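Each of the two complexes below includes chain A, the first together with chain B, the second together with chain C.
Right, the complex of A and B next:
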């Protein structure tokens, strides 16, 4: 691999890693706050991508404007899901049963997308879809750069929300010690609902970012859930910074491996990393104490 | 303050042991409580915590000591009986409402938010307070009472020693200026020297105007600190009286305190 190609792959890997970080952030948030394994997260990503595509089709406006609809909509759905469905699960078997429940939700969303928009593959055509810019000799597609910028901005906002706001403090306290959080006056059930809503709001943003540069179809979420799950396990379940680091490492790794191995084999990196993590360090490479930090 | 002799078999603890007829800050009246479908843990328990006192609950494992505190702080709903705070019935309320009523609960073991700074931990104790001036006053108060809090303000709470973490938990609980602090086994996992420091802090809390309901495995050490002692057995108060008299009672010492007065605890 020559230096120019290596640099090109590295730049694309960073952009991909940033997007992965956002796509997986919600997934680790659900687990951190509620010990819920949210299989339907990627289905919501694809739903957001479809809404972005449909919005663009109907209005002719940039799909990014669909965020004005999808972010509050998904936030509301998330709060409703947690309050009406997740809280009905018995605490003792919550994690296991949440897999079944959210698997069913993923199937429902996939069926609904197919019913409403058919199984035809869709892709957003934008005036700038084919544009690219030159960055130190590497050619970077504008849509990839936009997706990365959206991801970076969202993660920065998430960071500020978690670190600086009263809600973020309550959410972090709930993650770290739920009973102690209740005893300082935090309504942990309400915080968990808002946390779930926040996770789904990131799915709305991630799905829209994805729609800029991906061909979408109803069952695409099955392609995504595996790598995203691998990222949060490698990063340490419940750890948002761990997720971001793992996403970046695996994104860059995948991008670098695509050149010698091709896209299909490069994808197996996620599963190799998953198995290696489970064998060598089941709590994740950035889990443990870091799992509770933001 | 505690002048009457120990009264074996008495079901009311606390106020009955004080001479002056003062209204208790916390009353648990004929409480029955348990977990799920399991058998009842508390079976008609009555306890009173008068102002300005440390009331200590001792008893064998499984007597229901921690359950008493969970009922008082709203973590566990009683199946029958009443919880009164300063005369107001607060039975069945949520922990947040119990906190507003004036009850703060410090859990067993370590319950600091480990990945937050000491400052963030203490300020979370004032989560329900909106008045910034009031919060600043309380911060100053707890920093004076527990100097370690001010000294380690910006450090991660999880990096402090066990005894220091306990003081952060005490400080956090005092941020809302509670009427009664419920302490669940504050000496758990601490070495004897640190335990002595923690009990000194309990006395300082009382002297600063907060009544304390203390649950402790280290019965002899706790009774040396407390004003009133209650021995729990099988979910109800078996014996109550001034802590010094309980400590001096040879039969009680043999049964519940692990030996004769002055012997090993």
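Right, the complex of A and C next:
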């Protein structure tokens, strides 16, 4: 095993981890705010990727511009979904029933993508798709770097929003203790709707980042939901920094493990990490004590 | 749309089942032709899930075959009708589907599904019911080692022999021009591995060194680590045992690492029309074996390509052609034996095919005792942006480009 390959794998792992963090950020937010297990999150990622592909196909512009459409659109869908569907679930069985509800939504999205754009596997053809930058001897693909930058930027924004803004405070208060938040005058149902919209907006960004360097097809989301769920559990449900760290650790771990173990075994890392977390520290390694309510 | 189509099939199946009961009740009364005397052919295909892309190609091929047969007056003077179920790319579903088609729906004939992984379990069901099982996609060697006596593969060659012409060419090069090292990455799938390992083993026997030999699960979408291994090995030849998205993602990942092999061969994906839409101008020199080309001058092929293009607006690719070939093979047996129903007829069809040579859109086909076709695959290469046949030399549409230009 040579060091150049190891360093290259490390670089790839960091880039992959960044993407994982972005893709998982929304999932942890939904659970944090509303105890909703959002199975359809990855389906929305793929939907955003399809919109980016279609946008590029129709206009010839860079798929990143499709964010101008998908981010507000997904935010709106998220708010609508929470206000119209999720709130109708009984609080006592919310977590369980949200699995069923969002599973149905995931199937619906998959079916609609197939119906509208067929099952043909698509890839955005970018003039810079094969380009890379040399970084200390390792090749860093431009598309992966862009996805990473997009992830870093949106996670930083999300973090600032949560920490600094009034809305963020209200959202965190809702995450921490819903009844107490209501007592101090926070309209938690409205905050929950906006929080859900925010989560889905990250799916729009994540899906677009994914579309830069992936071949997409309607059923692709099933390959993503498992690893993403593992990431948010390891990271402590509801904690965005925890999710980011867990995503980074697992991304780098997976990439490095592929060198000696091969792809098949490296993929099991997520599930090993999931089992280990549930056995040793069910509240997650970085998050609060939310998981105990699961 | 698809649900409506299913509905019509349902009605049609019910009608034909009713017709069957009627005709057996008052035997001697020859079916008056028309819709109550159709030949129903049952198929299960992966229309959703991982194999939906090639699955839909096979569906188009079957439907084109049925439409053309019906336009030409049907089989034995009877109209044919397909009953296609969606197995969602699952081996459990495919077994259920064929059980239902044969036992419950009482279809007259069956066609095979797509992909080796689904062919083996469904061939077993077909064998239990003594049905003729001609299939368009189970090319891996293991399909023919299960002892099936009812199975025929409707394509020119089994997976392990797909690269025979390429291996022959490479090993025939003078020592100083011949590549020395080979990197192999294959999906954990009998067909994909069959093609790649067929070439790998022949090159290894010829003295080339295998420096990377990776296997990845079918759900793999990130190929950067595999690409890093291949790139770091600096192999002269890269061989991909691939289906579609894995080849595209692996090739782009290799390009991102500035890896420039002297020869790159991938199964299946490069023959897909979507391939160059995904990779763009960087396909130059990529090789792929193929059992079919729309340009082939076989008699039935010219007609097939023309009428298929009329229906779909673009010429058929390999999946469509193999499906169509399946239809042709079954039709040849039915016409020769003169029957199409469950029971003794099926064994007669099987016996006839065992010794027959059938003219198809992929050329004349004949089979050994296990159902292995006895022809060879052509080697195609992207030359000047078009995929052309480069090997063997007597079928060549363009000169073989070696070493491959940088991508």
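Points worth noting:
We adopt the following convention: the second predicted complex is superposed on the first by the 288 of 294 C-alpha atoms of A that agree within 3 Å, B and C clash if a C-alpha of one lies under 4 Å from a C-alpha of the other, contacts with A are read in each partner's own complex, and residues count from 1 in each chain.
FYI, a contact is a pair of C-beta atoms (placed from the backbone, for glycine too) under 8 Å apart; a residue touches a chain by one contact, two chains touch by 3 or more.
Treat the numbers as computed from the prediction; the structure is a model and nothing was measured.
With both structures placed on the common chain, the touch criterion links A:172 to chain B but leaves chain C unconnected. Counting the residues of chain A touched by each of chain B and chain C gives the higher count for C. By the document's definition of touching, of the two partners only chain C reaches A:223; chain B does not. In the superposition on chain A, A:182 makes contact with chain B only, not with chain C.
Shared contact residues of chain A, touching chain B in one structure and chain C in the other, are absent.
On the side of chain A, the complex with chain C involves touching residues 2, 4-5, 8-9, 12, 15-16, 114-115, 118-123, 125, 127, 129-132, 139, 141, 143-144, 213-215, 217-220, 223, 254-255, 258-259, 262-264, 266-267. Contact residues on chain A toward chain B in their complex (touch as defined above): 166, 169-170, 172-173, 176-177, 179-187, 289, 292-293.
Residues of chain B touching chain A in their complex: 73, 75, 94-96, 99-100, 104-105, 107, 111-116, 120, 124-125, 127-128, 158, 172, 176. Residues of chain C that touch chain A in their complex: 1, 47-50, 52-53, 55-56, 188, 214-217, 219-222, 224-226, 228-229, 231-232, 244-245, 248-249, 252-253, 255-258, 274, 277-280, 282, 407.
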